[in-house]
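Labels run A, B, C and D following the written order; every chain starts at residue 1.
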Amino acid sequence: MPNEKEPVVIESSFHVRYAETDAMSVVHHAGYLVYFEEARSHYMRELGSDYANIENAGFRLPVSEVGLRYVGSLRYGDRVKVRAWVEENRSRKIRFAYEVYKEGDESILVTGFTQHIWTDHNGRVTRAPQQWVDMMAS
Amino acid sequence: MPNEKEPVVIESSFHVRYAETDAMSVVHHAGYLVYFEEARSHYMRELGSDYANIENAGFRLPVSEVGLRYVGSLRYGDRVKVRAWVEENRSRKIRFAYEVYKEGDESILVTGFTQHIWTDHNGRVTRAPQQWVDMMAS
Amino acid sequence: MPNEKEPVVIESSFHVRYAETDAMSVVHHAGYLVYFEEARSHYMRELGSDYANIENAGFRLPVSEVGLRYVGSLRYGDRVKVRAWVEENRSRKIRFAYEVYKEGDESILVTGFTQHIWTDHNGRVTRAPQQWVDMMAS
Amino acid sequence: MPNEKEPVVIESSFHVRYAETDAMSVVHHAGYLVYFEEARSHYMRELGSDYANIENAGFRLPVSEVGLRYVGSLRYGDRVKVRAWVEENRSRKIRFAYEVYKEGDESILVTGFTQHIWTDHNGRVTRAPQQWVDMMAS
C-alpha cells in the first residue's frame, strides 16, 4: 500500500563468546534470546531511546512472547550479525523481529520475534509515552 | 477419541538461582529455555532414556524451533515447578510442551514448546532408534 | 584448640545442565560460581536463614572476593555435589568455602571460596543482625 | 630491571547486557569471568593469535585458577571497559590479569586474573608451540 513504510532495519554485530557455546560446539539455543536483547538494545540506542533511559523514566518493556526458528548455527570464532526491526508498534505493546547471520555469509541462521508490553515500574500495563512510540516508528 | 492416549506429564522442580534473575528482580526471559531443558532432561531420565546416553550412542537432538508465552514471573526464593510432556513424537522429530508454575500456586506463569530433530553426531538428520521413539511415547 | 569448632559442612547436589557446558564439552569455568551460589543458598536454607528472607529484611550479601582452582571437570550427565561451609563469620563479613565433586567419585574437581560483606539495601556496609551471625556460626 | 618489558595492555569495551544483571540491579559476579574471557579473546585477536585458531590447531587453554576482587559495580546502560595483559608466559602455562572500568570513569571496579594451562585436544598438558609463546610475549 502507498502509505506502508518499509521498517528501519538496524544491524548489530559482536563476537560469539566461548561461554555461549555448549557441548555441541555451537551457541546454545537460549543464547539467541540474549543476542536478540543485545540487538534490541542497540536498535534503541541508535534511535536515541536507550532502554536504560526508559527504565530511569519509570517504564519497563517486559517480554510477553517469543518465537525462534533455528536453521543453522554459530561457533566460537564467528562474528554474529543480527538484523532487527519493529514489526508492530502500538501504545501498549511493541514487537521486534530478528534475523541472525554469521559475518561474511548471507545465509539466515536463526529468525525470531520478541513481543513486549509497556508497563510502569510496578509491572502494571500502561501506555508508552508518545515520544517513544514515535521514535520506534521512525 | 478412544485410542488417543493422554500424554505422560512429568514434573520437575528446583530453586530459582540468583544468577538467573535480572534487574527487574525476576527470572530473565531466556532462563526459561534453560528450565525447559532441565525439565526435558528430567523427563528423559525418568523414562530411562537419559540424553547423555543418547549423545554417547552418537545421536543428537538439536532444537529446531521454540515458542514461549510469559504471563507471570518468578523471583529468587521461589521454587520452580515445570510440567513437561511429549506433544508430537515422530521418527525424525520430537516436540515437548511445558508449563511453569511456582511451587504452592496453581497459576501458570509461562508456557512453551521446543521442537527437536534427530541427527547423527555430525548434524545430519536421521531416524531415531525405535527404542527411543517408543520410550518417549510411553 | 579445644574451643575450635569443626565447621558445619552442608552438601547440595543437582544435575549439570546442558546450557552450562561449553565447546570443550565440560562445564564452563564461570558456571562454578553459580554452583557455589546454589550451594550457599542451600546452606542458608538448611540453617533456616534463607537469603530471600535476608533481602526481604533489607540486607544484602554482595560478593567482595572469590577464588577458584580447577583440577578436574564435569560433563552433561554428571550429577554435581558441592560441600560448603563457613570459613569466617564476622559481623561485617562472611566467607564461604566450597569443594565440588562428581556424585559417586571422591576426587575433588574444583575448590574455592567466596567472601561477602553485609550491606543495607542501598549497598552501605553494615553489621549483620546478631541472629544471622549466630545462625551462620552454628 | 633493564630487560623487564612493560606488558602490552589491550583494552576491549562492550555494553552491559540486561541478561547479565541480577536482582541487585548490577552485573552478577559470575559475569565478570565472561567479561575476562571476552577481553582475553580480544587480546589474542589483536595480537593475531585468535583462540579459535589455537583450538583448530589441536590445542586448548583451559582455566586452572582464577581470582577476582569486586570493588564497584556495573549496571545496564553502562559500557564496560576491560584492560587485559599477560602477567606470566611460560611454555606450559599462561596467566592473564584484568582491570574492569565503566567507560568514562577511571575508578577500577573489578580486578582479577585467570591462569591457564596448555593442553592438547585430549586435555593432556603439553608445551605451547613457540610461535604462540612468542606472540603472547609481544
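Observations
In the analysis below, contacts are C-beta pairs under 8 Å (C-beta built on N, C-alpha and C of every residue); 3 or more make two chains touch, one makes a residue touch a chain.
Please read all numbers here as calculations on a predicted model, not as lab measurements.
Contact tally for A-C versus A-B: the pair with more C-beta pairs in contact is A-B.
Using the average of C-alpha coordinates as each chain's centre, A ends up farthest from chain C.
For the pair chain B and chain C, the distance between mean C-alpha positions equals 28 Å. Centres computed as Cα averages put chain A at a distance of 24 Å from chain B.
Our note on geometry: chain A versus chain C, Cα centroid distance of 35 Å, whole angstroms.
Of all residues in chain C, those touching 2 or more other chains are 18-19, 23, 30, 33-34, 37, 55, 75-76, listed in ascending order.
Those residues of chain A whose C-beta lies close enough to touch chain C in the complex are 18-19, 21-23, 25-26, 28, 30, 75-76. Within the complex formed with chain D, the residues of chain A that make contact are 14-15, 17-19, 33-34, 37-38, 41-42, 50-53, 55-56, 75-77.
The residues of chain B lying in touch with chain A in their complex are 23-24, 29-31, 33-34, 37, 55, 60, 62-70, 73.
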